[in-house]
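In structure tokens below, several structures.
Here chain A shows up in two complexes: once beside chain B, once beside chain C.
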Partner chain A sequence: MAKRKMHDPFGVSAPVSVAIHALFILFSLACILPVLLVAIVSLTDFTAFRANGYSFFPAKWSLFAYKYLLSDFGLIANAYGVTAFVCIVGSLLQVVSQSLFAYPLCRKDFPFKGFFSVFILITMLFSGGLAPSYYIYVRVLHIKNTIWSLILPMLGGGYTIFVYRMFYKINIPMELIDAAKIDGASEGSIYARIVLPLSLPILATFSLFGIIGYWNDFFSCLLYIDSTKLYNIQFVMQRSLRNIQFIQDNIRYMGGSAASEMQKITAQLPAETLRMAMAIFGMGPIVLAYPFFQRFFIKGLVVGAIKG
Partner chain B sequence: MKKLSVSLLAMLCAICLALPGCASGKAPVNAPASQAPAVQGESSAAAPVADAKPFVTLRFAFPAGNGGEQRDQALVQAAISAYTKERLNADVILNPLDWSVAGERIPLMVQSGEDVDIVFMPDWMGYYGYAKSGAILPLDDLLAEYGQGILSTLPESLIEGPKYNGVLYGIACNKDISFTGGLFLTKALVDKHGFDVNSIKQVNQLEPWLKTIKDNEPGITPMFFGTGNLDWLGLPTEESKDEGYVFDKGAGVGFNNVTEKFVPYYETVFAQSYFKLIYDWKQKGYINEDAGLNQTDNAAEIKAGRAWTLHSSSQPGQIETWSILAGQPMTLVKGRPAYVTNSATCGALVALTNANKDPARSIEFLNLLYTDPYIENLCLWGIEGTNYIKEADGRISLPPGAETWNDNGYNPGTSWEYGNQLTSYVTTESEADQWEKLEQFNKTEMVPAADLGWSFDGTAVQDELDACNAINSEYSSILKNGMDDAEQTLATINKRLHDAGLDKILAEMQKQYDEWLAVK
Partner chain C sequence: MCPLKALQRLLKNIKSNKSMLLMMLPVFTFVVINSYLPMFGVIMAFKNIDYRSGILRSPWVGLRNFRYLFSNDLAFRITRNTVGFSLAFIAIGMVLAVSIAILLNEIRAKSAKKIYQTIIILPNFLSIVVVSYVVYAFLDPVNGLVNKSILEKLGIKGISWYSKPEYWIAIAPIVNFWMSAGISSIIYLAGIAGIDPELYEAAIVDGASKRRQIWSITLPMLKPIIIISLIMSLGGLIRSNFGLFYQVTLNSQLLYSVTDTIDTYVYRALTVAGYGTDNVARAAAAGLYQSVVGAALVALANFAIRKIEPESALF
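Up next is the complex of A and B:
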């Protein structure tokens, strides 16, 4: 073991290794088991669920929840489509807008560097608040009930822009840009043909963040979308829970006939197994995006740290 | 350069700080005080030339079930537009908002001055706040001129109850004015054990029943607290039967309806004995162990054969509703009388926004909803033959091809929100004379609360109110669900409330109340 240690600078003694492994196995289980439980409950027969509650070993299996969900397949497929479009177009636009904002900030010869840095810094420190944002999107930009209301709210991002700027500062030497200039490259082609290829790791990292951000976003949908055709998948999943919440919060204020009308409609809302199936649908393909981006992801974080 | 960016920074900071401020206080910007009379002046000036009114499009936003926008929305909208064009030379566009979004959306619409003219704005969406800030319009003059149908339809208490500082800002839906409490039980078990549902006058009298069920019906929880709990019932305890009914006003404040005094709610005889009783029942296993955390629908639990009771309001028609939902005949222990309180009368209001393009015609449209069952039912149930079939007795049934009221193409479930519910259609699942019964119930069973029409201005004790509200919400669910030793919890909450300034709130409320009483 001692010999091995000489060869492997990261090697540790056996008990420590066991302890570390055990710790991380426990940690992984704590992450995986709840998801597994959700999956199992979604596959549990409803009467068995009623009788026994949450269980890893259901008395009876059933595909009913999924069948029920797929009976409204049009809505779900459409919502997946909306989410996919928003994820792809949104994260691309996000990467472009953020890196385009950050790139000039790393250039020493850019005259309004200070102003734009402070400008974006302010957006990090102060939030405009809900009502003013709503006002801008609805009454100034008029993008309510369009796909852009799902994309625009997340295009900025002060923190990300500063990380981009740091990355460019460290990884793109001014000499390289000067050399390209001497070779006759325009600013546009310097950005497109030198800066972007060099910043692939960070672009990949933040496009993953972007995709996840867009994937999980239901709030924009909640605020700006009226038409079911533009519902995204997270909102479709959130909706039934929020419907129940709305009724529970307010039923005592509504008075009797309201309450009974509400009761009739809540009774038709999906039960637990169905909600779990919805959660699985909500996780969906995004889980698959992680392994794909993983290698860029690690590189993107490490590169900035070492080369400083 | 540096100087420039510093001054720009300062400017931006100022803008950023000012923005949220002017949004929440948007009202001063739009100057409601000066605008509202101006609008009214305009409309009364325009009244003589009513025939020449220009065409206007009005938008009406309200929460709706079944996904908000309905499948046949366009079809129904066309019919509504045709009707309003003919009657008002106006187009009224319905803007149904799914329940899941309405709670956020409607206040934002009002705050941002979006192009919305009529909104559903009950007190639980912020009615009093918007009335105070002027984001919704005062209606008294408009109603007198254009809304006689509304005024003659609504009972007195639904007009007086929602007033803020003596001015009406919201028009109530003509439905049940208030509700009585109730405890619903499965009829089979009540009959089996020979219980008499009319014998219960105090909460304590339920205990022998619960014991019987607990001992003789294995697997059935006698008192199931899922989405509701026993405070719906509102009956006194053995100890508090001479105390008089005490309203829970939130923030630890109680209002004794008999003595007309504001008292610390958790120190009343009722609270002291009731919460201890609940805790005791929980210990004895009469109440499900996870009460307060369990979010299961009570009716579903009864249907599954695991619970005996559920708690709810008990106006006419409720026994039928619960019997459908629980899948078996239910019976009812009647709770407290139907006290008419401000919050009961403000449960469903419609208001005109500050951005309203034509307040006069908005009121005229609402007036039609109260007086013409055709337009009311068009908005509620859609088009006859397409979305429902009218039966001989006036009730409606599902159109061919639809299996439930979810897939008939149009059922926003909004009859309780606006207009005259008493002229709306009932489905064949309900009794044909449901609304007659409800009207009767409104006439005979309502007991006006002593403070009906009084509203509290909390500005003087805002900090204390916030603190006490926070403490109250921390403990109320624990007490109501018997989650912790009641005696100890009551002692803690009372001490904390007094430390947080409850006495100051009580004194201020009593002062304002006595002043109001003197004027009245």
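Up next is the complex of A and C:
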């Protein structure tokens, strides 16, 4: 006993340790099982669903919901396309523009750093609200029903700028910049050759945040998009939950003869299995990529929280 | 200094920092569009908006839109729901996230700790639309897991969850906890990891029990982080998670008495046909009310931070 204590002076007793593990196993199950339920229902045969409702143990499995959604992939493929474009272009614009903005703020010889810090700070304190923003997008910029109305809302500054500034202050040696200036390097090439390579870790973290933010966004689509062609994947899902007819209408609308055969069958198809399959399309890529990116995420989160 | 000289110096500064100012131009433009133009747009709240003549030429109506909001119980209802849920989310989230972090820290097996950590933050990455599907799988009145697989088996009549507002007083905090508990506990876990182990060694030598160590070392050492994040969340007291109250509730009108918040009201007034342009101005008024209270709360929070932890103050 004494030996064990030497080895692990902070440990708890064995029964307590078992209890803690049990608690976390339960908590982990509570986090995973609901998502698993969605997956299982999407794979449930619809007569079995009708008999038992949502259940972890379907009487009969079936791929029909997926076959139906894939019979005319147009709607979903299009939504994936919109989401992918917005994720890539949006997060790239976000990361590049924010790092470009934050870099001069960490330079001691930049005379406007106070002004621009306050410029950002004010927006963190006060916002005009949704109604004026909506008016500006729709009536001034006229970007309703364009892809830019999905990208622009998440561009800008805020807290992130200050995290970048902190990172630069800690990680970029000012002597290096001074030396480059003496050698006659322009500001542009100092940024490209010194600052950018040194800031890859923070750029990676924030690109990840950006991609997840854009992937999960349905609000901009809800506000600004009326045309099916520009629906993103979250919005197609949102529509499907509110109104299952939406999927069926749009698969017909998007054309495709394979769908017509399916159409007859879906008259009796319970909306739920279709809906849940739709949910799998919406969360699939994020959940699959999750094990790979979560490490970076935790790192970024902890840095932001402790340093900020 | 005479103004002319100051201007000359400004121009000289601009000229010599041309390339850096150019670098800042993209974000500058985005911030002007997304933040500053809407700030001037708050004049909408004091107007009777006529789209044909534009905001600037629409007639002023003084405080009429605010009077409308505050004359019936609308403003009271949406404020109560917004602030009430925020308070519940903060209190529940704080207590449980700290507890989770303390317990997680007691787990010695590294791999198990990592697995738990990975799993409990997963819900944070699901979009609110996915969350609404998950909730629907449980609460669907006809086929839902709760009604069909639990209540029916127990011989209890199913509950029509999406039309009974009283249940949402509990459902909304549970859903919010499910989404965010894991992620907030990670921050506290990092805080605990930073505590000097010598403190615990000394406590053990003095014969302190585990519970005693938590009360007398862990919690006091975590206090700064707890206070800071409490104060930070104070600024968000008058904001709500739109997705949670609009999408997870399926925007069910029968639930509005409990789930209608400032954000869902503003959205509805702004977009739903039949509400008319009067409501656009009312949406602007509600938004302005929210922003002003929010800014006051942030200022208050910052004032408190300066008293407690001056280094963490925002300004």
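Note that the second predicted complex is superposed on the first by the 224 of 308 C-alpha atoms of A that agree within 3 Å, B and C clash if a C-alpha of one lies under 4 Å from a C-alpha of the other, contacts with A are read in each partner's own complex, and residues count from 1 in each chain.
Basically, contacts are C-beta pairs under 8 Å (C-beta built on N, C-alpha and C of every residue); 3 or more make two chains touch, one makes a residue touch a chain.
Computed from a predicted structure; not experimentally measured.
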Next item on the list: Applying the touch criterion given at the start, work out whether A:18 contacts chain B, chain C, both or neither, answering first, second, both or neither.
Entry: neither
Next item on the list: Examine A:276 and indicate which partner it touches, taking first as chain B and second as chain C; both and neither are also allowed.
Entry: second
Check: By residue count, is chain A touched more by chain B or by chain C?
Finding: C
Check: Between chain B (first) and chain C (second), which does A:114 come into contact with in this model arrangement: first, second, both, or neither?
Finding: first
Next item on the list: Once the structures are superposed on A, label A:131 by its partner contacts, choosing first (chain B), second (chain C), both or neither.
Entry: both
Checklist line | Which of chain B and chain C A:139 touches, first, second, both or neither | finding: both
Checklist line | Which superposed partner A:187 touches (first chain B, second chain C, both, neither) | finding: second
Notebook entry, point to check: Once the shared chain is lined up, is A:63 touching chain B (first), chain C (second), both, or neither of them?
Noted result: neither
Note to self: Let me test your reading of the model: by the given contact rule, A:77 touches which partner, first (chain B), second (chain C), both or neither?
What the structure shows: neither
Check: In the superposed arrangement, which partner chain does A:26 touch: chain B (first), chain C (second), both, or neither?
Finding: neither
Margin query: Using the superposition on chain A as set up above, list the residues of chain A that contact both chain B and chain C.
Written below: 111, 119, 122, 126, 128-132, 134-135, 139, 223, 238, 241-242
Next item on the list: Flag every residue of chain A that touches chain B in the complex, lowest number first.
Entry: 47, 50-51, 111, 114-115, 118-119, 122, 126, 128-132, 134-135, 138-139, 222-223, 226-228, 238-243, 245-250, 252-268, 271
Check: Can you list the chain B residues touching chain A in their complex?
Finding: 1-2, 4-5, 8-9, 12-13, 16-17, 19-20, 23-24, 26, 63, 65-69, 95, 97-105, 108, 111-114, 122-124, 175-180, 227, 232, 295, 297, 299-300, 304, 306, 312-315, 317-318, 321-322, 324-325, 343-344, 346-348, 404-406, 413, 415-417, 421, 438
Item checked: Contact footprint of chain A on chain C as seen in their complex -> 13, 17, 19-21, 23-24, 26-28, 30-31, 33-42, 44-45, 51, 54-55, 100, 103-104, 106-108, 112, 115-123, 125-130, 132-134, 136-138, 140, 142-145, 147-149, 178, 182-183, 186-187, 190-191, 194, 197, 200-201, 204, 210, 225, 242-243, 247, 250-251, 263, 266-267, 269-271, 280-281, 283-284, 286-288, 290-292, 294-295, 298-299, 314-315
Note to self: Show me the residue ranges of chain A that touch chain C in the complex, using the header's touch definition.
What the structure shows: 8-12, 16-17, 20-21, 23-24, 27-28, 30-32, 34-35, 37-38, 41, 49, 52-55, 93, 96-98, 100-101, 103-104, 107, 110-112, 116, 119-136, 139-141, 152-153, 155-157, 161, 186-188, 191, 212, 215-219, 223, 234, 237-238, 241-242, 270, 272, 275-276, 279, 282-283, 286-287, 290-291, 294, 297-298, 301-302, 305-306
